[in-house]
């Protein structure tokens, strides 16, 4: 069985796509995380509706995360 | 009596359908989960309203899950 | 005094009706539950507004449950 | 001083009116509760807007309760 | 420094006004509370928009409370 | 480094402005707080949209607070 | 691996941009934080829709934070 946190471990330094509760989508390189699924992304691109913008390094609060998909 | 987590245990490597709080439906193969009902799905198809898209491997946060149905 | 979980215990293998926070109603046979009121229903019928559909076995997250009524 | 749970204790086998977060009102006989204010009502009548219906025995999740009023 | 619970202590048997998350306002005599700010009000008057009604004794769940003001 | 609670400590008996989740703004003199950022304000003025009113002493639940700004 | 809190540590006395659940954006100098990601910002500028205003020192509750980006 694969633990959810193992997917994060295997995704380190790789691109992931994160959907937040407010429907924003963040795509960036996962460089860190903790047990609460707080995450650090680098070279992040944020999409909200039609709007896309580069936001560089981002700390995400785990409790706002809906899904995480390795790219 | 069947413990809820036993249903997940029995569903490992089988298709399940998960409804999230934001009404998205994810159908994929359950390959892992933890005590908080965080889950890992593979070959996942996401449906939101009329829109369907393939999202591959997905980590789901348990606190966004409403219902889980083995397929 | 009747503990709330005793009602679940007495409802095992009987039909119950569960109302969820998103207003969906699930009617099915209770085959299991845990201390968080996560539940397992079988032969479940889901009603949302006018729409009814059979969903078979379902795991419900307790934190989405509003009320549980033995049928 | 009156502890909130003492009001529940004193209301056992008496009619109470419970307002839920989704604005439904349940009026029924309190036959049990636990420390989380999960409750068991009997002979319950549910009012939502103009709509009233009898729902018999109901288990209420405490985290959906806004107010409890002895009748 | 005044601890928030001390204000409740000092307000025992006095009128307080409580604003709930759903915008209802309850004005009544505080006769009890616990560490979670669950409260018991007596001779309570509930205001929701233009609508005022007497609700007598009420148990309030602390997690629905926004502000408490001694009258 | 400044701990968030130190700002509250330094703000005792001074005016602060608190924004709540429901967009109300409370401006008053901070006379107490606890570890959950529950607070006691005195001589409080509440602003909601265009509407301003004096509410005197107020106990605020920390879990409804978004931001706190010393004035 | 970079822990999320390390990004905050490295951002001390530097400008960060914080997005809150209510869509407000706060840009200010991070001068403190705690384990719950409660933060203290100085020289803060708040943007809500088209509206920008200076709010000076601000204490942010961690549970309202969605993302944190070093500038």
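Should a chain be cited, it is by its letter among A, B, C, D, E, F and G, assigned in written order, with residues numbered from 1 in that chain.
Keep this in mind: a contact is a pair of C-beta atoms (placed from the backbone, for glycine too) under 8 Å apart; a residue touches a chain by one contact, two chains touch by 3 or more.
This structure is a prediction, so every number in the text was calculated from the model and none was measured.
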When chain A is superposed on chain E by its C-alpha atoms, the rotation angle in degrees, nearest 5: 155
Inter-centroid spacing, chain D versus chain B (mean Cα positions, whole Å): 33
Could you give the separation in Å between the centres of chain A and chain D, each centre being the mean of its C-alpha atoms? 42
Multi-partner residues of chain F (each touching 2 or more other chains): 63
What's the ring order, kicking off at chain A and moving to chain G? A, G, F, E, D, C, B
Provide the residue numbers of chain G that touch chain F in the complex, in ascending order. 12, 20, 22, 24, 26, 31-34, 38-40, 44, 55-61, 63-64
Listed in rising order, the residues of chain C that touch chain D in the complex are 1-8, 21, 23, 37, 62-63, 65-70
